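Let me give you the structure first, and then I'll get to my questions.
Each chain gets a letter, A, B, C and D, in the order it is written, and its residues are counted from 1.
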Amino acid sequence: MAKQQEAARLLEQEAVAHQTYRMKLHSPTIAGEARAGQFLMLQVRDGNDPLLRRPFSFHRIQREEGAVEILYRVVGRGTWLMSQMDPGSTISLIGPLGNGFDLSNSGAGPVFLAAGGVGIAPLKELVDRLLSDPSRSAGEEVHLFYGARTAAELLDASLLAAPALRIHWSTDDGTMGFRGTVTQVIEQVVRDEGVRPTRLYACGPLAMQHRLGLWALREGIDTQLSLESLMACGFGACLGCALPAANPDHPTSDHYLHVCKDGPIFSAGSIQWDRIRQQQIAPPIFRCI
Amino acid sequence: MGQNTTAADRSPDLSVHLGPLRLKNPVMVASGTFGYGQEYEDFLDIREIGAIVVKGISLAPRSGNPPPRIVETPAGMINAIGLENVGLEVFLDAKLPHLRDLGIPTIVNIFGNTVEEYAELARRLDGQPGVAALEINISCPNVKQGGMVFGTDPTLACEVVGAVRHRTSLPLITKLTPNVTRIGEVARAAVDAGSDMLSCINTVAALAVDIYSRRPKLANVIGGLSGPAIKPIALRCTYEVLQAVRCPVIGIGGIASATDALEFLLLGARAVQIGTANFTDPAVARRVVEGIERFLEVEGFRSIEEFIGALDLECTFPFAEASCQSLDLDG
Amino acid sequence: MGQNTTAADRSPDLSVHLGPLRLKNPVMVASGTFGYGQEYEDFLDIREIGAIVVKGISLAPRSGNPPPRIVETPAGMINAIGLENVGLEVFLDAKLPHLRDLGIPTIVNIFGNTVEEYAELARRLDGQPGVAALEINISCPNVKQGGMVFGTDPTLACEVVGAVRHRTSLPLITKLTPNVTRIGEVARAAVDAGSDMLSCINTVAALAVDIYSRRPKLANVIGGLSGPAIKPIALRCTYEVLQAVRCPVIGIGGIASATDALEFLLLGARAVQIGTANFTDPAVARRVVEGIERFLEVEGFRSIEEFIGALDLECTFPFAEASCQSLDLDG
Amino acid sequence: MAKQQEAARLLEQEAVAHQTYRMKLHSPTIAGEARAGQFLMLQVRDGNDPLLRRPFSFHRIQREEGAVEILYRVVGRGTWLMSQMDPGSTISLIGPLGNGFDLSNSGAGPVFLAAGGVGIAPLKELVDRLLSDPSRSAGEEVHLFYGARTAAELLDASLLAAPALRIHWSTDDGTMGFRGTVTQVIEQVVRDEGVRPTRLYACGPLAMQHRLGLWALREGIDTQLSLESLMACGFGACLGCALPAANPDHPTSDHYLHVCKDGPIFSAGSIQWDRIRQQQIAPPIFRCI
């Protein structure tokens, strides 16, 4: 699983939801190694502005075509510049990075996938892998809980639909699916249908993952949360991407995990949630100036 | 050989002497930006690098500062990692052997909270096979205890370096901070106390805030600026240090290309270290070595030694009387 | 008025008090980057700017350093103009009247080779109609005589500021250099000597070389780095100065947008100066004023005073016990 | 003659010689004010890399179309980035800047125009103005001396040809026209044809302009040289663009002209040539790394 620096060609760039784009990149070496839940570091453009690469999860891995897809939301200058690129451009990538989702044992029972907003990005590839896993018994469902603030931020159903996948849609404003949060929908399904997942995969706002993570911990449900942190390198060299680690032996002393190499996929129990600072929660996307 | 020079004979000699050290080329990677080497093995053959300076080591392991630890700035980044490291023990047992086996010159960057800690680190690293030199970090701007305070005062710098000097016969490099009024004074103090070489610069003290959350962007508030943005400052510091001392100087700061590296060498630095650029281009060190070689070839230098310190400070006036004679139109 | 608030009532108040000065907004343009105002009149109505700091003035005219005087660097530039200026006489006769007629607060940046020259400049500018304040430049890194040497030593800084203070009743701003170990000490010295305000930072000492010609890129060799590259350093200096003194502080360094300006104000600077950005976007000052106004409106501040110094240094843990209660999934 | 900051649209981008491009920009306000010999400052791209604008002379001014053309040579990163831009892009310009050529009295006799390499840029617009000047008597010729290192660096003759224009081509390697320098061709024409120009306009390498300038000074020929200097602003604010000024009263004390406002067009006699430093002579274009 060697990491690569590869000059990729932008094959497709498509607006797929409000301020959200899908990029398809020809990058055969990376595509050949990548696994669901891993990520790549993308150089936005040549030169120093911006200086650092941006991390993005694999949205789809198309090994045969030698291509990978990412799904990204425009939240700042780097992602805005990305959205202006035309097919044919060359983009430098480093990948695959990080641990990826643990897919072992996924056949043991129903699994829940929770996506908040652009958190759907890594879960698409995961869905494809789960559903094509031969060890999975046909009866055991894969539930995707997928919510956003409003319908315009959601991917079109056709992009996600799959035979054995149950999608539970929700929006904060009720413009699509259940009116409320992903967490509330999960609550309802658990309560009303009596489903108890053997594993919960999640990606989305930290507050959502925290809430789901604590619940899963209490319920003894195995979790695979895709977490974020600011990153300079993406491959373990800068030590910038720290997250407080749960350390049962020393609950009060600080100890850190590194998102790019210990993660980005973590179990809820490995994180010391109450040591996460306000500053690590991504600032609001809206920028007035 | 005689007339019979081969292509290999003509390819320029990149090797440099750095006091007691001899390196196959003048390109090192800077402490804290190259881990313990392994992180980069997928990207390049790290034996192509002149020397590796490992992440700063303290006696005991350190978990570092709370996040956020980094922030991007124009042509730079600020870090406040807080010198997270595995500690001397683990370094010696788990990290050093691998580097030693690769045969790559390994420079160990050390720091302590007290003069005694620096001295103890030196004592325990002395004679360790595979350690080519020690780099004494008296210049880290983002930890409260120790670090930069030693580097901002010639007397304290002298104390630390002297204490280290007494405990080891390893070549010593003292790493200087730019956050001082007169870097030359600290440089002289370090050399007087027994430092064989100097490296400069460490990061520039810096800060970033978020106007929406109204908070500092780093949990530590203050951090160290690195990357291309600081290259002009690093060149100036290197220039001042070279004027103050005669020992070998290693240039650091914003190097991301062979051109950048050659700028420091032109001033008289005998080697360079690449830091932040490793993050965005993990094979940058190889690119820099190759670029230096190509430059020397094309510009007609037989060795990097010929180029080191070749800065021309004389001001010449190409159109002054003398030169003009031959330019007469109707001659 | 009462209930009957109009749109105008609701648009945020941008005016600031700066010690004895009151400005209609906190956005100034920095010395040496805005000429004497006229250079910009084709691009914007310069009366929209809070105050203009004119190019540094000396007693006698100065022709400045030989070229090359500037060089571009990553996200910055180095200049060694050498304080070329028309001299006090011409300034008073030919430049000041126009600015006075426009009614724009004019801050005169002064520098001398000796303490006496500074004092004499102050004496002759005292009581000149149209001069809102003096900015004492003790921080220019690219002239050999005078300039930065005064700014790097608290004792010398104190002498210069004291001498100026005795000759004028004009509000005094002392402009600090970042090229010191502890900027807070110089800040305190200046305030103790009678400076009403401080501005920081002047440029960072820097150097650039050309590897092909093997010469320095600037005739003066050393110059001053400015532009976005230095913003993180300027913010750190401003933060340190604000911790050291209680007087109004004006933030300078790399400001090119309203966001940049607001970062300095958030720390507690009561005004800002825009320098290098004027060169690439001559109407930047207007854009910054407009952006600040829009920011305050959208973020719900009635005045810039409410925002100044609103930095939140407390660290909060949103997922700590207390906050978690309400997050229980099955509640 | 107000200076403007204008968002121009790139209408045409064409390779016209070795590493040399012509850009046509829709910029009606600037086009409406610009005059031959003036220049504009072009922002290479958004953001900080590169930070400063680049100066370029007006190659053609098409007032009716609201367009201006520049002719530029790729010598570094900024010009390289420019060469990668596609028509339709928006480019921020500031202009018109500088004094421009003095066209008064141009009808009084033959005039010489000397262009070295991309120094042809401002002379094309000048040729058009000179030839359309009604005060110009038909018999008095306009001579354009145009040289480069090699033929590939020269514009095609069709781009310059005009009825009353005599073009004298030269190349260092003899691949086109006279083998030798522009200065040598001028020498020859002066000697062999006995033409004595009333005015010399020139643009090109500083060494060429210096040589021609001294000769013209000696011969009492009025000169209009287009000179260069590093520039941060282009409109008189930074004082970066200094050139040593001839000061007959104080020949040894330094005094400076500013290329962006006192120039870029200077008479040879206004420059203190012997105070120009090596560093002000543009470094060789060739870069091996």
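The rule is short, and it goes like this: a residue touches a chain if its C-beta (ideal position, glycine included) is under 8 Å from a C-beta of that chain, and two chains touch if they have at least 3 such contacts.
Note that the structure is predicted; figures quoted are calculated from it, not measured.
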Neighbouring chains common to chain C and chain D, by label: A, B
Chain whose mean Cα position lies farthest from chain B: D
Contact-richer chain pair (by C-beta pairs counted) among A-B and A-C: A-B
Where chain B and chain C are represented by their mean Cα positions, the distance between them in whole Å: 33
Whole-Å gap between the CA centroids of chain A and chain B: 37
Separation of chain A from chain C, taking each centre as the mean of its C-alpha atoms, in whole Å: 44
Chain A and chain D, separation of their C-alpha mean positions in angstrom: 55
Of all residues in chain B, the ones touching two or more other chains: 66, 73-76, 212-213, 215-216, 219, 227-229, 259, 295, 299, 315
Chain A: positions in contact with at least two other chains: 48-49, 275, 277-279
Arrangement of touching chains [line / ring / star / complete / other]: complete
For the chain A and chain B complex, residues of the former touching the latter: 2-5, 43, 48-53, 94, 229-233, 235-244, 253-256, 275, 277-280, 283-284, 287
In the complex, chain B residues that touch chain A: 32-35, 39-40, 42-43, 55, 63-64, 66-77, 79, 81, 84, 210, 212-213, 215-217, 219, 227-229, 276, 278-283
Complex interface listing, chain D residues touching chain B: 48-49, 183, 186-187, 190-191, 207, 210-212, 214-215, 273-279, 281, 288-289
In the complex, chain D residues that touch chain A: 47-49, 77
Complex contact set, residues of chain B against chain C: 66, 73-76, 78, 152-153, 179-182, 204-209, 211-216, 219, 221-222, 225, 227-233, 235-236, 239, 254, 259, 262-263, 266-267, 295, 299, 310-313, 315
